[in-house]
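After this come two complexes, each holding subunit A, first together with subunit B and then together with subunit C.
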Partner chain A sequence: MQKVRLSGIQLGMLFVGFLYGSSSLLNPAFSALQDGWLAFLIGWMLGIIIIAVYISIYLLNPSQTLIGILKSNFGRFLGTVIGILYAWYFLHLAAIVLRDFGEFSLLVILPNTPLPFIIGCFAALCVYSLKKGIEVTARTGELLIPLIPLASLIVTLGIARLIDFSNIKPVLANGIKPVLTTGFGVLSFPFGETVCFLMVFPLLRKRSTLRKTVFISTVIAGLLLLIIVVRDILALNPQLTQRAAFPAELASKLFPVINIYPLILLNLLIGGTIKVIVCLYASAAAITELSGLSDYKALLSSITGFSVTLSIWLYDNVMQMFEFAVSTYPYYALPFQIIIPVLLLIISIIRRTSERRKTS
Partner chain B sequence: MITAAFIIGIFILIMITDLPYLISEKKKSRLLIIYLFFILSGIILGILLDTTNPPENPSTLITNMVNFIIGSN
Partner chain C sequence: MNKIKLPILAVAFIAILFLTGCWDNNDVSDVAIVTAIGIDKLEDGRLAMTWQILKPEAAQPGMEGGQAGKAYTNYTAAGLTLNEAHKELIRISGRKPFYGHIQVILLGEKLAKEGIAEFIDIFERQYEFNQTVKVLLTKDMTAQELLEAESDLENLPAIHLMNLVEANIFTGKVIDLPFFKLVMELEREGRSTVISALSSKSKNDKSTIKEMQIEYAGIFRKGKLIGYINTVQVQSLLFIANQIRQTLITTEHPLSPDKQISVEIVRGQAKREVSLSEGRIKGIVYVDALARIAEVHETQYSLKPDIAKIIESETAGRIKQNLVTLIDMAQDNYGTDIFGFGELVYKNEYGFWKSVKDDWDEYFVHMPIDVFVDVKIKRAGLIDKPSKAR
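Then we have the complex of A and B:
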């Protein structure tokens, strides 16, 4: 496989774009109503812990991708089986984000365009970018990701006159349980999804900068998402936020005089594209490594084509999409995002300790 | 038949653009097996999606599985 190297800033930009991706549109904390900000804070803190687990796994197994780490820790057979499951999960995640983008475009900007055409065009852009190499996407991210906070700030400041701080009260009116459940949802979407980066970390030029880069990126992306969550609660009110299909798009409509929803679309185009690209790369690289092929680019188009078909097949309608995201996805993603990585970390620590004992 | 035609069109285009990669790969048979698996499953799925009785979507299957495991209705 061609040697590709990413700088710390490039990896950081990919990380921010990935976390921001579709989360900026869907508001991951909407089901906790006025306590959404608290649920997001809990999910964010748990997210930082789980991302620290991913970093530790990589640092304990340096220069290895997730597939290599799985094989060396779980053994060849079990590692391959779990690797195939991860390849499926990354592919499924790419299909989910493609469908999010398709549904948003269908509902908001292109109501008469067939869904397969919208998703197909979006996927074609992702394949084109990945065929040039993931470092090209990372360099594009360096240019485009700084636009994301700008777009969010314009929308937030534009609707600042509608902010009503009484919308945040009463705090914990329904008890702590819905807040914790939503916090768990925030952990799985978007923070836990960064498990995909275990396939990208080996591309980093200086391993010593990994911890700092990823931590700063998680804090920046978390802050941006927190601003969006709080803005939606204060300006739209919690009930409207919960009922709206895409709260960010609704918030943009409140902007005085001009229509600025293209700015929201800009966020999705930049963040969403990076998220799909990272997921497709992770899936293609995982399948390539599992099958012993030399270049992930040979499989990329066929995997993306399958992912487009899968994204059309995923849901019957947009309501099923939201129902799946809230009720099923956190439990479905739990083994991939938390259980297997925590097991991997424990096994890696035990192996490292026993190796040290042997050498001493 | 719009969905099926569109999806089949996409896959034909994919196969044409991927020819250089298929030629340059050393383990051709292994690559072809995986490649054709994705291409054929995509085409078959695309055709099935356009029928009057499409297959149950994966989200419903995953939801049923999750509900069965966590014991929820």
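Then we have the complex of A and C:
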């Protein structure tokens, strides 16, 4: 089989699309009200740190995927167990994202269509794209991701007349605690979710460009999200943003004269599909490596089918979905996004230093 | 090659059957295109919803049947919630509504008095409602009665009503309140909402919109209507709220008090401030207006710079007098903060706000508010003095 290789810019685009995808619909920092921008900045900074941890893990264990790294650092048995958990997490993440998009479509554009059908169509697209190989997705991303900031820029300019800068006051009215809690939420969604990319990093053609590529794309995606967070606070006012199920949808409704749903849908379809594809790829590649198969493509249909089913089983209703996203998800994701990677980093550094000592 | 082509062709043909998008289509002739919604509270506590439905056949002039009658028809139904009324309306009209073209939402007076906050929920919750619809009150009549009024100017009374609001940019005497702004204002800390109200000139004749006028605006405290202010006061309110685009001030000519002079404000810039000193909040309003002289009846004096100065200060004095009257009225008669000083306190002096937020209106009543008005006359039209009959 011919080896898949991604260029730096392709990986960067995937990264931006992944971070921007569903966060643009769900304004990750809404629960801190007028301090959302601060919460987002905190989450963003923590996100850059945690992404630096992921990069360091990979650079200390070059050319290995997350599963390989886990096995070589935690030992064969424990590594496999944690690897299975990660495969589950990626699958679950794909299901969560699929459900988010399904619910959005159901609520806003396709109110009479059954949810499984919407999610099934999304998933079919993802499987098709992945069957052609992750590099096809990456190349498509190269073309399409630049449209996302354009779309959100148009929406932002359209409602610029509503911007009232005094809406960010009073600063820290309820103290720093809700801001930190929300900042932690921003860390887990979307920045911490890039742990998926530990399965993708080995595909990069030149390892030397990894640090720069990922750093720049994190900054770009962060800036784009910051614009959205600040826009929602200034133009929609914090209370409305907090009550709205999808602030981006509300923002598009306030656009003067014309209906610009299509631009919001552009974000949804490009960013969301990229995110689901990366999650599905990470899960499929993890299972492939764990079970010693040669090609992830054989597993794709079954994995996707499972995640579609899971996404429908996940919640009974939308209220549960929002409740889970706000209060459960950050803690559920904590071991996958922070605890295990930090442990991995520490073990890798210790091993590296002891190996050096042995050789010298 | 042929082996691949056949399945692809088969899939394409099957797709044609299923992807035509016809399975849940809504033809224009099957939906009720709602152009205005009126909401009333009935005596028994139920909510009545009135649709003004466009009749597409009748709305096209020149088409056969174009002259046949009114281009719209009204339906009213009641229910415990607005959704119930909505379903009831579908039942009696036999048509599925299309809400995308609503021009105005009218709130009946009784509903307004008992509180509007809960009943606007449906417009936020259901995805099909446009958030930029204008909101108006009806005074001394129900929204249903108002929607029955015909328009002699437009095919659809709803369009006429919307135009009445949009003309505000020229008159500065109507509050142009889109639905989402109403929601924002209701939710703001320390601010009471004001909504323009339509009323009938005469008690008995309510048959055409010509007989209606936006003469008042209703003041709301905690979402409940507590009283009305008139158009001059609305003008002053808009001055303070920095929403004046164009408006007219008429005063006596300063040098010959029996003659009138009209000054058109072409741009009004206002700033509200609150300052906290010695544990007391003081409000300050600055109004800066650019103006041009629009009409002079006085034939004796040329519009020399020094005369213009006097007219400027006279106009500023008149505006200030209006503003002070409105502020006194809000403090003494209604006892509620329609200017949003409370919001400024909330935003700028949060520590102090926490101590007064539960009874801000009581605090507002005794709050000193300073008003500074500055008018600059830039132009005076094409002539100097009016022509004089000799």
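A few points about this structure:
Basically, the second predicted complex is superposed on the first by the 358 of 360 C-alpha atoms of A that agree within 3 Å, B and C clash if a C-alpha of one lies under 4 Å from a C-alpha of the other, contacts with A are read in each partner's own complex, and residues count from 1 in each chain.
Basically, a residue touches a chain if its C-beta (ideal position, glycine included) is under 8 Å from a C-beta of that chain, and two chains touch if they have at least 3 such contacts.
Owing to the predicted nature of the structure, the values given are computational and were not obtained by experimental measurement.
Using the contact criterion defined above for the overlaid structures, shared-chain residue A:L240 touches subunit C, although it does not reach subunit B. Contacts of A:G305 after superposition on the shared chain: subunit B is touched, whereas subunit C is not.
Touch criterion met: A:S294 reaches subunit B, while subunit C stays clear of it.
Touch criterion not met for A:T353: it reaches neither subunit B nor subunit C. When the shared chain is aligned, no partner comes close enough to touch A:S208: not subunit B, not subunit C. By the touch criterion defined above, A:F324 lies against subunit B but remains apart from subunit C after alignment on the C-alpha atoms of chain A. Note on subunit A: of its two partners subunit C and subunit B, the one contacting more of its residues is B.
In the superposed model, A:P114 makes contact with subunit B only, not with subunit C. Against subunit B, the residues of subunit A that register as touching in their complex are 92, 114, 116-117, 120, 287, 291-295, 297-299, 301-306, 308-310, 312-316, 320-321, 324, 327-328, 331-332. Within the complex formed with subunit A, the residues of subunit B that make contact are 2-3, 6-7, 10-11, 14, 17-18, 21-22, 24-27, 30-31, 34-35, 38-39, 41-42, 45-46, 49, 54-55, 57-60, 62-63, 66, 69-70. The part of subunit A that touches subunit C in the complex is made up of residues 107-108, 111-112, 166, 169-170, 173, 237, 239-240, 243, 250, 253-254, 256.
Only residues 24, 124, 127, 130-132, 180, 183-184, 187-188, 344, 346-348, 350, 353 of subunit C touch subunit A when the two sit together in their complex.
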